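Taking it in order: structure first as structure tokens, then the write-up.
Chain naming follows the written order as A, B, C, D, E and F, and within any one chain the residues start at number 1.
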Amino acid sequence: MPLVQITMLSGRTVEQKRKLAQRITDVMVEEARAQREAVVVTFQEVSKESYASGGVLIADKK
Amino acid sequence: MPLVQITMLSGRTVEQKRKLAQRITDVMVEEARAQREAVVVTFQEVSKESYASGGVLIADKK
Amino acid sequence: MPLVQITMLSGRTVEQKRKLAQRITDVMVEEARAQREAVVVTFQEVSKESYASGGVLIADKK
Amino acid sequence: MPLVQITMLSGRTVEQKRKLAQRITDVMVEEARAQREAVVVTFQEVSKESYASGGVLIADKK
Amino acid sequence: MPLVQITMLSGRTVEQKRKLAQRITDVMVEEARAQREAVVVTFQEVSKESYASGGVLIADKK
Amino acid sequence: MPLVQITMLSGRTVEQKRKLAQRITDVMVEEARAQREAVVVTFQEVSKESYASGGVLIADKK
């Protein structure tokens, strides 16, 4: 039943998201003994103007 | 004061979201005794490439 | 496949959460045409010291 | 290491988000003694059709 | 109407959360022109065993 | 910079969370080309009374 919600910068391909969903679900099954069909993975993609670390937008880092 | 955050596939109409917000707020008031004006409902819509269950993207399910 | 994540003050009974989960799932099925078994509802309960509106903790409101 | 996730109506400028990220990070450092470089701020912007309070979409309020 | 959801290690005092809620709400009003009474701030506190960076739990960092 | 937020039933051991954090971070680095030290993983653990699927609390399923 685990939910895995991933927030990351946009720009990843569908193939990357396919692999991420598959492999992270594998990990949840193997390590947390989750039922495979009950694992949900979502991607929330944000722009470089909507993500900051250390008080600085990614868009402003060089 | 409850927050109700809904993540779902994009494609619902404004009329559907209007009804969802209204009826879910009704439920929060009736069952959780929340104050109506304090209930917040948000919709985060994701594409079929950004949502997976059982390790498989919705876009890849037939 | 919708996820419904509810953040509310702690203190609701199990019976209240049972009713909330059931009725909100009904609404998702009826209005968003979600498949019943794919709707996930979670409750995150927070204390009055962990929730503020208008800049004031609920614990500090009279 | 705090994560600060902000959900707000879309329409703010990059300059507004820059200031928000900077000043909220300042507050986290000053009041919660967080390490500056470990503070992450994200913005999730939603439309007026995806945000409701009191059971009414913002798009429907006059 | 902004929601500000903060995930941080547990251990902060009520006084710290009071100040965080107050000052972050001030920032949202001043920089994002939010209405004060519509700003919601929540704290989700997690243990050192429930937070990792760089693949390592905070509990395991020295 | 990805955030990976996992909601699951409570009851996993620290060792399980250690492995989950480590392996999911590996996947984020290998498949999404994230910088290892920028990956944050959090666990939000909920009780069986705070998680429902198909409109039924996990606590009520046999």
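We adopt the following convention: a residue touches a chain if its C-beta (ideal position, glycine included) is under 8 Å from a C-beta of that chain, and two chains touch if they have at least 3 such contacts.
Model, not experiment: these values are computed from the prediction.
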Chain B to chain F, fewest steps along touching chains: 2
Angular offset of chain C relative to chain F [C-alpha, multiple of 5 degrees]: 120
Rounded Å distance, chain A centre to chain B centre (Cα mean): 20
Euclidean distance of C-alpha centroids - chain B vs chain C, Å: 11
Distance between chain centroids, defined by C-alpha means - chain B, chain E (Å): 24
Shared interface positions of chain A, touching two or more other chains: 1, 3, 5, 7, 38, 40, 42, 44, 51, 53
Pairwise chain contacts, counting only pairs that touch as defined: A-B, A-C, A-D, A-F, B-C, B-D, B-E, C-E, C-F, D-E, D-F, E-F
Residues of chain B that touch chain D when the two form their complex: 5, 14, 17-18, 21-22, 25-26, 36-45
Complex interface listing, chain D residues touching chain F: 1, 3, 40, 42
Residue ranges of chain A in contact with chain D within the complex: 7, 44, 46, 49-57, 59-60
Contact set on chain B toward chain C in their complex: 1-9, 12, 16, 19-20, 23-24, 27-28, 31-32, 34, 38, 51, 53, 58
